[in-house]
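Common to both upcoming complexes is subunit A, partnered first by subunit B, then by subunit C.
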Partner chain A sequence: MSYKDKIKDKDQDIYILALESSCDETAASVNKNGLEILSNVVSSQVDLHKKFGGVVPEIASRKHLELLLPVIDQALAEAGVEFEDLDAVASTYGPGLVGGLLVTLTAAKTISLALNIPLIGVNHIAGHIYANFIANPEIEKPLICLTISGGHTDLLYFEDLRGYQILGRTIDDAAGEAFDKISRFLGLGYPGGPAIEKAARSGDRDAIDFPRADLGDSYDFSFSGLKTAVMNHVHNEEQRGNEIDQNDLAASFQEAVVDSLASNLIKAVREYKVESVVISGGVAANQRLREVIAERLKEHNLELYYPPLELCTDNAAMIGAVAYYQYLEQDFAPLSISADPSLKL
Partner chain B sequence: MDSSYSIITESPAETKDFGRKLAELIENPALILLKGDLGTGKTLIIKAAVSALGYQGDVTSPTFNLVQEYQAEIEIIHMDLYRLDSSDELLEIGFKDYLNRDAVIFIEWPELALPLIPADFIFINLDKISAEQRRITVRGEGEQSRLLIERLNKEC
Partner chain C sequence: MLILGIDTSTDILGLALMESGQLKGEYNLSLKRQHSEKLLPLIEEIFELLGFEAGNLDGIAVAVGPGSFTGLRIGITTAKMLGRIFSIPVKGISTLEILAAGAEGNYLLPLLDARRKRVYYSFFQRMENELFLKAINKAASAGISELPEILSKYQDQEISIIGEKTAEVKEVLAKNNFRVRVFRAEKNHPRAAVLARLGEDYLKSGQADDIYQLKPAYLKIPQAEINWQQKYGSK
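Take a look at the complex of A and B:
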């Protein structure tokens, strides 16, 4: 009998154990029927890495290995669920640090094989999107989701929660990457998003008219030209011997990014006649972005959803939520699945 | 498990003394990361250490050429990653090959090197307390940092 033979019919409750350790959190959860979280255990290594000013993957993967079994035990105990009750086991398989991904993926494969239950491989980025659906189960479908971070900028359409269609993505830099690079260029520090946002608060966003990429009818994004425009502006002003107002520059740059993101999103809202709009990912924390999108959604009578802070950090419950919908689609992974550090949506 | 060593130096001369002591207590090969804002004394410590390791020539921060090598009794490699944008650029300069060398390696502005290093390194953090005073904290991971911290703590 194959390890994925044990599939329940859909009227019964489905219990999924989900594991996540793609960066510096070791996490396990038990979800009932997708969005009902019975336990959500996260053991953070943030303090361990903070003293070095960044994650050291070699340390992280060793630590994940140490922490994972106790974290799984605690997740099962808090949920009041035994291994035998599980219907499937899920693990993030990318994107992330390969050492960490291998730890949970190998554990999940072992559990799948030992219990003869399906193995589900989940994309970490999808997890962050589904964190919204855990926090707001009442979100109406269909919906548009803009997911933006240091690694990706994707515009997605969800007919229901079982799958999504990619409408557009960045053709060069991710939005968060543009923030980081410009912040570094201006000497404002890392991470760039919060640094630029802080400087922008005291600046005039209309001070400099930076270009917005025109990609015609597509829903794609591009931030590379904007980055060059900012650098050229600074060099030109320097050559003329003019003083540069960093706050004005940060505000004008941020406005150009926000405007590009919001314009494409609104274009998709018009075209797809959705019931809700969701933003997720690190850049979704930008207050100006939320403000502009919420404002432009008013004329469409749509509300903007974004995840609460506690679900923005890495956790396994969001992985379990995605896994449930993959379970319904019988989208199972073979035991030969490998970690993919640069997995895309 | 979370062992560390911390000292406050009252002047650049004392910060230099720390660099000399560091050179005496480490063993070849070593991987030493130095983190601290501009002007906190990273290069000063490396200068003193390199000279104590037996190299007589000039030592300056290789901000432009990224890597400098000094040949003494042992081989010494000095990197400054300030001007790099990503870890990928580090791979392009052959960072992994440097790590495999039988050498004492000093890295200034080490943030971008973190994804590429083994779990065995010495991490020195420099904080500015006043114009002259610095807090120097030694941490790390693995055997070489454990040994160094043990020896530094015994010294005092």
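Take a look at the complex of A and C:
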């Protein structure tokens, strides 16, 4: 009953069906040898959740179950592939909403059992990183990747695409979380990243000299001290009866976050001899961050890569790309794998 | 005809293989929230133990609730995928019908706990020479105290009550002069063998479901939708 003797090596063509349902997109794709995307079907439920001002988990789960077969059918049809042609099946198993995750994870398990092919459980965050490699297959290795969002801040080193080493991560808030908290504190709205960035455009980033966390030799990040400094600054100014320029405050805060992220990244670039630098995750959309990192990379003669917009949103192609490299490592999941809503890299 | 019955609607994970009217094997395991981890390994195990493989299947019967939404989606997703991959028919069956079909009596009241002194119930009649139970009342939820009123036309019949909350329901019905019949422990859980047998009967009589439309018997719209409607009216 084992699929062990069917496992191919990397000289043979490998077809993987990948599935994704961690939030409010139901997605399926077929890819060949990792980065060649034969189909990439995404059915978004954004309109269903709009009236609630956010994703409603139970509504999302119901919709995933409805869309599951149509999305898989379309992905197979567009790729011109039948179930029997598949070498493996993959699904995101975290992080995300547990009810949603379970839909495609259960489907992938069933496909694995029915076709006797390996099951691959993929971390959604890794998917966002690999979206870069789909968009820019020319990216040279080894590379450094900074992946930053509302849920995580990780600095990674890739010798090749088969795996990564975590150099540093946040010891308290994620960068995106810091943006959200300060944005809420200043009454600028949600999500905080774009709100702060917009206000910062009209502000002076040198107006206030906020502290940068000093974590010594480590590549870790910390943003809770900065958050406290911003709040203290506002309270002090208010007590003195001074008016606060929100734009200056936003710009100075953003500059402190960007500087912390960029400094650690450049420190890693100096230490590890890399050929490329990649950023991913929601905060990677911040223009000031891209500008500062690209500028500081010039003296190292390195280009900065980030994924195009269409691969920034959730999709299954990026899950399939990760799955391919897990396939080569024979990093397969047992049928007992469960969803992990707070999965980390 | 080889039928796999899958029930993840309650705390009990039910799996049964039925081959042309012969029960090959059955699991009924009280696993609570482990359906996601256990279902596929147990399907693999039951096939292996009994010398079958998934490709041998001719049809699937799956419990569609009422029950835990997350649990139901695990079983139904599995049934849909197996149906799609092997092009075999799938029949969704009410968990209440499974309870009723597994017990004796001509008037059957299967029950599942809906919390806060409420139950999910159906009311069935067993007809002579009929293969299937006749649903007098389709699956719905009701307060336990409302049941005498709902069943008032059947006060002169003996009613079999099966499932959860049977002691409470028996007391309320007896107080209102109903004749009731209750069962020992093994009848008060949905049994996978009954599900698989029902599945075979339905599929043999050509009553399969469209796997693209198959979904749990939700019986309740999402709480967020209820809140929204209370605030803004429906639509």
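FYI, the second predicted complex is superposed on the first by the 341 of 345 C-alpha atoms of A that agree within 3 Å, B and C clash if a C-alpha of one lies under 4 Å from a C-alpha of the other, contacts with A are read in each partner's own complex, and residues count from 1 in each chain.
Rule of thumb we're sticking to: contacts are C-beta pairs under 8 Å (C-beta built on N, C-alpha and C of every residue); 3 or more make two chains touch, one makes a residue touch a chain.
Remember, predicted model here, so these are calculated numbers, not experimental data.
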item: Subunit A as common anchor, with subunit B and subunit C clashing or fitting; value: clash
item: Which of subunit B and subunit C A:Lys181 touches, first, second, both or neither; value: first
item: Dominant contact partner of subunit A by residue count, subunit C or subunit B; value: C
item: Contacts of A:Leu335 with subunit B and subunit C, given as first, second, both or neither; value: second
item: Contacts of A:Ile59 with subunit B and subunit C, given as first, second, both or neither; value: both
item: Touched partner set for A:Lys51, first subunit B, second subunit C, both or neither; value: both
item: Which superposed partner A:Lys273 touches (first subunit B, second subunit C, both, neither); value: neither
item: Which of subunit B and subunit C A:Ile111 touches, first, second, both or neither; value: second
item: Clash-bearing segment of subunit B relative to subunit C, given 7-15, 43-51, 97-105 or 133-141; value: 133-141
item: Where subunit A meets both subunit C and subunit B, residue numbers; value: 51-52, 56, 58-59, 62
item: In the complex, subunit A residues that touch subunit B; value: 51-59, 62, 97, 181, 184, 190
item: Parts of subunit A lying in touch with subunit C, wherever the complex brings them together; value: 1, 51-52, 56, 58-59, 61-62, 65-66, 68-70, 72-73, 83, 98-99, 102-103, 105-107, 109-115, 334-339
item: List of subunit B residues in touch with subunit A within their complex; value: 33, 35, 85, 110-111, 114-115, 117-119, 123, 125, 139, 141
item: Touching residues on subunit C, where the partner in the complex is subunit A; value: 36-41, 43-44, 48, 53-55, 69-70, 73-74, 76-78, 80-82, 84-86, 211-212, 215-216, 218, 222-225, 228
